[in-house]
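Both of the next two complexes hold chain A, though its partner changes from chain B to chain C.
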Partner chain A sequence: MSGGRRWLYAGSLAALLLLLLVPLGVQNAYYLEVLFRIFIFAALGLAWNLVGGYAGQLSLGHVAYFGVGAYAFTLLTLDLGWNPWLGVAGGVGFSLVAALVIGSITFRLRGPYFTLATIATAEILRLLVLNLQDFTRGAIGISTPPLFPGPSADRAFYLAAVLLAAVAYAFNLWADRSRFGYYLMAIREDEDTAMAVGVNPARTKLLALLPSAAITSLAGSLYASSFHYIQADYIFSIDISNQAAIVAMLGGAGTALGPVLGSVILTTASELFKEVFQTAHLLIYGILIILVVLFLPGGVIGFFGRRSRRRAQREPGPFAGSLSGEEGSPRHSSSSST
Partner chain B sequence: MVVLQTVLNGLLTGGLYALIGIGMALVFGVMRIVNFAHGALIMVGMYAAYFAFTLLGLSPYLGWILSALLLFALGWLLYRGLIRPVMGQSDFMQILLTTGVWLALVDLAQLLFGADYRQINLGIANAVVRLGPLRVSSGYLLSFFAAAVVIGLVYAFLYRTELGRDVRAVAQNREVAPLMGIDVERVSAVAFALGAACAGAGGALLLPLFYLYPTVGDPLLLRSFVMVVLGGMGSVEGAALGGLVLGVAESLTGYFWTDSYSQVVDFLLFLAILLVRPSGLLGRQRA
Partner chain C sequence: MTKRFGGLVATHDVSFTVERGEVVFIIGPNGAGKTTLFNLITGYLRPDAGVIRFRGLPIQGLPPYRITAMGVGRTFQIPKPLAHLSVVENVMLGAFLRAGTYAEAERRALEVLERLEMRELARVEAGSLPVASLKRLEVARALATGAELLLLDEVVAGLSPAEADAFVGILRRLPEMGVTAVGGVEHIMRVVVSIADRVIVLDHGTRLAAGRPEEVVRDPAVVEAYLGTKFARREEAP
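Our next item is the complex of A and B:
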């Protein structure tokens, strides 16, 4: 283990420990709720980052797994009488199946076609949940079961969100430094070349999607329980998919720390904005994402973090170059030639 | 007979979809950009027509001209200010940028006009017209014909003017077009602005038929994707056909199944086309 790595792991663990101690000092329910949201969206951004950041596949359909996690947890617990935590695990199971199905459909497509297909699959799920009223209560929504009964639920939710974000962060560190992660980055930089040197893009992307979907599903279950109520239109809203991508891009996609930073900035900014303008605090999302694309393509990390030589060489950010497939062809060259 | 009526209703809605889809297809054809702000531009066009009606008393059947001009200008500005800087970049960044524009416009509308549902009451749009054994709402009929006129104008522009020929040339081959002395920058700005104008006109013509609220464009954005993919990405004729197909498909799903599943069918159609026939309904497979 190199010195740099040892410091990184030690620092990460120390940060985690500190974050777990926060509830000792912070008792205010509002602050705890904001902190909960920061780490839920950090977990979402980190999960998205595996597919969108490291593998460079712009998914705007990650809400599919969020929604499946929320609904599976709620329905398994309420209607089948499962223990709530078993319901959460059931949600992960359903999300993994969904990821296998959605991934094997959408990863056959490239560039904008992939993005559009991810949106389409998430929308199909939203409409099904909305319309299969016998199972899901449809547009009326459902009250969700509590994961943490008792008076200290706020603190418990916060701690759960921090732990989830930590797990997601560990997966990102792994993607940052492992052979598997290099496969993902090779696919991002040039899919055809990656294939030529022996990387199987379809399988590699699917393998990245599985942990991504599982984490997103867990975030969905936690969010559902903390919110006490879910309804298909907002729990499957494309806004959540967008937010996962924005959080990661803002902090720095394709870096492990980026989505965490992005979530801290975005959630705080959105809370401050909410104080000024009651509604429409999402305006800041739109403006931030435009600013990031135009001026900070590497995110905040890409701008300040010149420590890593590897990243500095990639200036102005990993996504600045043209990654698109050949014009007009939405398919992999592999799938048409084989 | 009921089926025929259903198909007719679908075609009338489909004509409006076609206008919206053409706007998206123009932008994609010329610039290879999937414009995620398209639905928001439709929404802006609807608000423009709404205020033209409530403040100036201008009927949307004339107000679409105002909406189209306004959106043309907005599209031009968006192109110059935001789209042009990302033209050479990955589609990843382009999609994110237009997504940002979408979110910003929708929430700006929310901030300025609130989330209230608005509606205009237009006498001539509330009648029922009999066509032999079939009946149609006059509002849908008027909007359909107005949309057909706008589509005709766009066509005339593309096929009867020098600039229109340049637009088609750039859509055909962005690399070779400049060698023929075509100003690709200007053509791109025109195409983007024209795409926005189609969205604006489409929004204005939807006003007599739909409620208006800030996120009204979101489902229409998703439908535009479906149309453009149905028609073969970037084909204007294809997108128009895609609009009609979509209108009829939704209408028939509503009749044979239930209305609430019509959009599920849209998206299934969309995925099927992407996977099975990526060049669209009209397109030829490229070598």
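Our next item is the complex of A and C:
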């Protein structure tokens, strides 16, 4: 193991310990909630990064697993009387099945076609959940069960989000230094070359989607419970797909640190400017992603960390797909926003 | 084997055998069908007719990654490295096929680089390499997969005469490593004639001649159809 790598591991571990100690000092519910969101979106970005960053498959439909996680957890707990944590696990199960189905369909497609197909599958799920009223309460929405009953729920949610982000981060670090991660990067670069070293691209992409969907599902369950209420239009909103992608691309897609950095920047900024811009944040996201694609193709990490060799792909191809998706997003999601 | 693209017959009934440990060159001008032939053998294209056997087993119709796993390696006409990874990491990409761990893949990759005399480039970023080194990197990556048969498309294109000599020299050493090599070149070059066990001349998708290089060079059909018009170019070539 190289020296730099050792420092990265040691530093990451130290950072994790510090983050776990934060609730001892920060009791303010508002700050804890912002921190919770930072790490939920870091987890989402890191999960997305396995597919969108390392493997270069620009998904803008990851909200599918987020929403399935949120709804499965809620319905299994409320309607079938499962223990809430069993409900969370059930959500992961459903998300894995969804990933297998969605992955086998969408991974046949390349570039913008793949991106559009991921958006479409997530939209189909949103409409299904909206219309299967007998199961899901439809547009009325549904109150979610508490995962952490009691007065210290804020702290517990924060800690759960940090741990989830840590697990997702560990997956990314592993991708940096494993056969599987190398195979993903080979696929991103060129599927023909990947096949020439013995990689089955379809299978490998699907294998990357599984942990990605599982983590996204866990984030969805946590988010649902912390928010006390879910409704299909915002829990399956394309905003969440976009945010997972933007967080990763802003920080540096295809790097482990990138999505964490991206989430810290984006979540903090959107919190600071919330009052100023109100619902214009959708427009801001659109402009932001165009700026990142044009001027920061490797994200913040790629810009500052010249030595970081795991920069995102610079090819305009896959990002062109995201551009068009982003420009369209404000129109798609008029009904979103919390 | 035969491959058609619409009305165009890219390879027409081309048939040949390569023995273990041989160095064979497929020679043919632009559009003769060399790349098509390599794509057929490695599974990137399906033949419209014909059988392809590797160690006696039919492999036509198998996906490329299965054929790679059986021991057929290839390089591409246009080298496509992972530009932001180092040379050794690119070679590891091939080595992972037979290596269980990261460390083992790295060790195998360094061994291959050693054998191809590019060990000193191991930590260089692949994206910064000149064409000649990139071509060598492609060979290293293919070798690292443990290939027994190596198909090298367009081994001299874009290289200076000296670089071309050096590259063809590498092919000459492959049999010592237990690897059979089939290279594609555009012109009949002196160095090819001097080191090839056999050459196969392709023209417009058909096999014009095949055999030992000295014989083929004298083959009237080859002289007529190929050397006849290209004699000047042959003299220029290294």
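Operating definition for what follows: the second predicted complex is superposed on the first by the 301 of 338 C-alpha atoms of A that agree within 3 Å, B and C clash if a C-alpha of one lies under 4 Å from a C-alpha of the other, contacts with A are read in each partner's own complex, and residues count from 1 in each chain.
As a convention for this text, a residue touches a chain if its C-beta (ideal position, glycine included) is under 8 Å from a C-beta of that chain, and two chains touch if they have at least 3 such contacts.
All of these numbers come straight from a predicted model, not from anything done at the bench.
**Q** Applying the document's definition of touch, where does A:Arg179 land relative to chain B and chain C: first, second, both, or neither?
**A** second
**Q** With the two complexes superposed on chain A, say which partner A:Asn131 touches: chain B (first), chain C (second), both, or neither.
**A** first
**Q** Please tell me which partner, chain B or chain C, touches more residues of chain A.
**A** Touched residues of chain A are more numerous for B.
**Q** Kindly classify A:Ala117 by the partners it touches after superposition: chain B alone (first), chain C alone (second), both, or neither?
**A** first
**Q** Looking at the overlay, what does A:Thr193 touch: chain B (first), chain C (second), both, or neither?
**A** Second partner only.
**Q** Sort out for me which residues of chain A touch chain C in the complex.
**A** Touch list, chain A to chain C: 177-179, 182-183, 185-186, 189-190, 192-201, 309-311.
**Q** Spell out the part of chain C that touches chain A in their complex, as residue ranges.
**A** Where chain C meets chain A, its residues are 42-44, 63-65, 68-69, 73-74, 76, 80-86, 89, 92-94, 96-97, 99, 102, 105, 125, 141-142, 145.
**Q** Which stretch or stretches of chain A touch chain B in the complex?
**A** 56, 58, 60, 105, 108-109, 111-113, 115-117, 119-121, 123-124, 127-128, 130-131, 238, 242, 245, 249, 277, 279-283, 285-290, 292-294, 297, 319-324, 327-331
**Q** Which of the residues in chain B come into contact with chain A in the complex?
**A** 32, 34, 82, 85-86, 88-93, 95-97, 99-108, 110-111, 114-115, 218, 222, 225, 229, 233-234, 258, 260-261, 263-264, 267-268, 270-271, 274-275, 278-279, 286
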